Amino acid sequence: MTIDTQRNGLVVQNLYAGYGKRDVIFDVNINVLPGEIVGVVGHNGAGKSTLLKSIFRSMPIARGNINFGQLDLTKKTSPYVVAQGISFTPAELPIFRDLTVQENLELGAFSIKKRATYWERLHEVTEIFPVLGERLKETAGRFSGGQQRQLSIGMALMTNPKLMMLDEPSLGISPSVVQKTFQVIRDLAKERDSSVLIVEQNVKAMTQIADRIYVLRNGEVVLEETREEALSRDDWWDLF
Amino acid sequence: MGYYAQIAINILILMSLAVSLNLLLGYAGRVSMAQAVLFGIGAFTAARLVLPKADASSAVAASGINYGLGWHWLPATVVAIGVTFVAALIISLPAIRLIKGEYLILLTLAFQLGGEQILSVWEGFTGGPFGVAGIPPLKIGDTSFSTLRESGTILYAGLMLVITIIVILISWGLGESPFGRLLKTIRGNETLLPSLGKNPIRPELLTFGITAAIAGGIGAFFAYSQGAMVPGNFSLDLSILVISVVVLGGTGNIAGTIVGAIILGGLEPILRQVLGDEGIPWQRVIYGAALVLMMIIRPAGLIPEGALTRIRKPKVAKSFDQNLNGAQGIQFGDFTNKRSSSPEENLSEVLVIEDIKKSFGGLSAVGGASFSLRKGQITALIGPNGAGKTTIFNMITGTLSCDSGSIKLRGRELTGMPTYEIERLGIARSFQDVRLNESMTVLDNVAVAVPNQPGEKIFNLILHPLKSRKAEKSVNQIALDCLAVLGVAQTAHELVRNLSYGDQKLVAIARLLATDCDVLLLDEPTSGVDPGSVNLVIEGVSKLRDLGKTVCLVEHSVHFVERLADHAIFLDQGVVIAEGTVAELVSSAELTELYFGN
Amino acid sequence: MNFELLAQLTIAGIVLGSFYALLGVSFGLVYQTSKIFHLANAIPFAAGGYGAVWSAEVLHLPLFVALAFGLLMAVVFGLLILFLGYFPVMRRNGALLSLFLVSLGITVAFPNLLQIVFGTENIPLRTYNSEGELSSAFDNRVFSSGFLTITLIDVLKIIVSWVLIIAVVVFVKRTRSGRSITALRTNPTMATAVGIDRKRVYILVFALGSFLAGVAGLFVTAEFVASPVMALQWTIVGFIAVFFGGIGSLVGTAFGGLVLGLLSSLSSLYLPVNYSPIVVFASLFIILLIRPQGLFGKASV
């Protein structure tokens, strides 16, 4: 990996995607630079999850281009995308509830073939989230919402991703945990110089960590602004 | 001649079995693997009944097995039909609870194989592996249809043609009636029908019963025309052949099935001529392969459903297009089963919800919500993700039960009622996805929602065909009026799959209007609509208010809520936090914090 | 009650039940993951039997090599069905009903193809002995102890079936590939998110399921004969074991199969022997009426 291949980060151009013949997002243009944290906010049903899933190539796209560094992801499938160092954490049920923490983390590292790398990463992740290390053998479904969220992020970290995509990581967890989780995400990103693309409805938590923000409304990008601009905005309602 | 007449009989039998199965497979989207054994049950039942009594003829008695009750063929046929009808209802008993399609496949498959086994071991009924022989030929008046003479076989072919035409007429009559429209609506959409106030289970079971009964009746004529048969005639292969005919021709379309039966039924005699007895496996290879190829290359069959639907110019009630005065509304006439005029009719709060709670596996989704809907107003439920908005819709319509609390419609308690009864009291809902049948016309999709249609009952279709036809005209007019209100009447005779998604949303709202309910719940009416059509949908929703409907909507885009709602209720984690106009709510710092985080 | 008869029937029931369990796990693996009503599981079953018979007679392969060849054919044909039948329909976003109809078409075409190629007669499993003559490949010895008797193939059926079932269950639970099956079944979105390729998992379960069906086909061929219609009835019993035992778990399916076998065998205490298939179908009917989630299944929410 050289800086050069990563220079462009993620670039999404003129993207249309949806279900069957019906599009949910229309002509979306966004980009995420290496080491940057970008947030996409918008009302429920605005097409935020559709955007992430199309970038992850787990749902078909109608038109447009998706590039990551020098790689063209437009015609690829999600196993390929994972192998290129992009992780995706869905909003709902982001873990395997019936399996143990360790089994979950092992599946998180599914694309990692080397056993030694797996152990190394497992060690790293349990250092970041000590509670996971303490309860490796427990069934993940019994965990609290916050712990399940941490586990889901831990699973994503198992591949040491260059781009982490998180869908509503604040869903179902209390505000204090949201803040802590987001801080961890920010520290990790800055420490590893990796990019993060977060989709959120929780605008305030988002503005705490994101470098840049896009607002999606009914499938269209209606606004792009920097953190400073977003922080000084006092009315969000007319964007939702 | 006799040879060709026999071929014709075989093709006609296959055709009538397939045409009747098409009702189940094509219209309702359910598979029965047991058509062959049901056909066989009908055949052996009829045979046993018409075979002469043991003591009546010493020659027959000597053969030991080929005796029966010596009935006339007519009552015997009726009994055969009745027996298979009842058998079908019994098979589908477990499937009532397990409404998913694969259980009917499994149960009918098990019944087919178990039935084959029973037929081959129950010697008293079927004669065991050797079958029965000496079934007396039909007699109608003085004409005996004896197959000993060639003319008898030809007579049977003529009779089978008449029967096939009757079966086609029955299937066509049912399939293209309001009853058939119900079936098509069920297909792939089990949850929709209850929300339109209709019970999906009865038409489905009835269809399976009718399909089975027709197979049983055809079985009886098969027995009379062949004179002798063995249990091996009714194997799974035949069931699969019948299914192949339907699929090859095109499901949900009787013309297709007729073509399919001629092709696959004609294949056997041709192959037999060319290859002799070796032709039989080839025939099966060919129809098996045809089935596979069809699903891969042309899943809709040779003649796809809707391909023959004529596009007619609709006659739209002009008055609706021009001026819509809210007081008048759409004239439902007799087509309403809404029980009105309760003493509390004039309450301004139509629906009152008090402290309803629901939790899933210990997690609380709705934690004691109370609010009410005001007559003739649009009320919006807003709030962050996970606020429990859709869950509340599901609780009001009875799709989810309440753990506690009460929901009262004009003073009447709704909790504990099934969805279709709640709808009949006047509450209908739409879904986030449109849930329209794409291969049906727009008009049919809306017409299915009109309550109290006589044509949805088979009883009426048979006994009052004229009344049903007349009613159908009025139903279509109501549906057309509803479409006109939403401004999409010009699409009435198009297939839904040819419409844009925005128009489909409008059609779904028109369908809601056609339920004649006065409380309408709309789940995200604008979601997924392209930016160009959003305004049309918003106008459509506000027309519901103009008609005096009480509307409640879940809508995530505050932008749109602001333009629509008279009143808004802010929910968070299943609890009402605040109420007021949208402007009031969005100016509250506390709510802003709840919505956007802090 | 006749104790000797009861004991003998119990043993026969365990033999039958173990075989049902094997068939159930074969179909269950495929069904749990893909939800395809894979009636065409009958094809690898028959391919296994015919593969062994053909390779022994025509290629002169010794017994064990011929058996392995049969298993290879089972897996090859199972995967052919997946690639030529199911994948194209899935690419068109075909509904489960379409996939079932494909399965149905294959199920009716294949035995007739076998009949065209190999003829209608039943073919026993024969190998060339040291003198270069074709002879029965297998001496199905009978073991007796007191009033109980059991044949060698029956013993093998019990042992092989359970060894394979346990191996599959352990594989699914303990290995990386096996866990990808569970992952896809329990949470498809997350499975995609961690980079599990749905197609690969399908290939894996079809290969495994077809292998087990092939083993079952070998047993029937070794004990009786290979015939074009040998597979369907057994395959459907496998289906019934899955729904009878409970859809969610392979262990439930295996025990469901065992219970079905015992019920079927012990029914002959009261019923004529040719009624035992009917007992199997009736058991399914009753269990779905009173316990829709299956005997060992968890009630779904």
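We call the chains A, B and C, going by the order they appear; numbering starts again at 1 in every chain.
Here is the rule we go by: contacts are C-beta pairs under 8 Å (C-beta built on N, C-alpha and C of every residue); 3 or more make two chains touch, one makes a residue touch a chain.
What you see is a predicted model, and the numbers here were worked out from it, not measured in a lab.
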Farthest chain (mean CA position) relative to chain B: A
Selected interface, A-B versus B-C, where C-beta contact pairs are more numerous: B-C
Distance between the centres, which are taken as Cα means, of chain B and chain A, whole angstrom: 42
Approximate Å spacing (C-alpha centroids) for the pair chain B, chain C: 35
Chain C: positions in contact with at least two other chains: none
Junction residues of chain B - those touching two or more other chains: none
Per-residue overlap in chain A, given as positions that touch at least 2 other chains: none
Chain C residues touching chain A - in the complex, by the definition given at the top: 176, 179-180, 182-183, 186-187, 189-190, 192-197
Parts of chain A lying in touch with chain C, wherever the complex brings them together: 56, 58, 77-79, 81-83, 87-90, 92-99, 103, 106-111, 155, 159
Complex interface listing, chain A residues touching chain B: 18-19, 21-24, 26, 43-46, 168, 170-172, 175, 178, 201-206, 217-220, 236-240
Chain B - residues contacting chain A, complex: 384-386, 432, 501, 524, 526-531, 534, 556-559, 586, 592-593, 595-598
Complex contacts: residues of chain C adjacent to chain B: 37, 85, 88-89, 92, 94-102, 104-113, 115-116, 232-233, 236, 239-240, 243, 272, 274-275, 277-278, 280-282, 284-285, 288-289, 292, 301
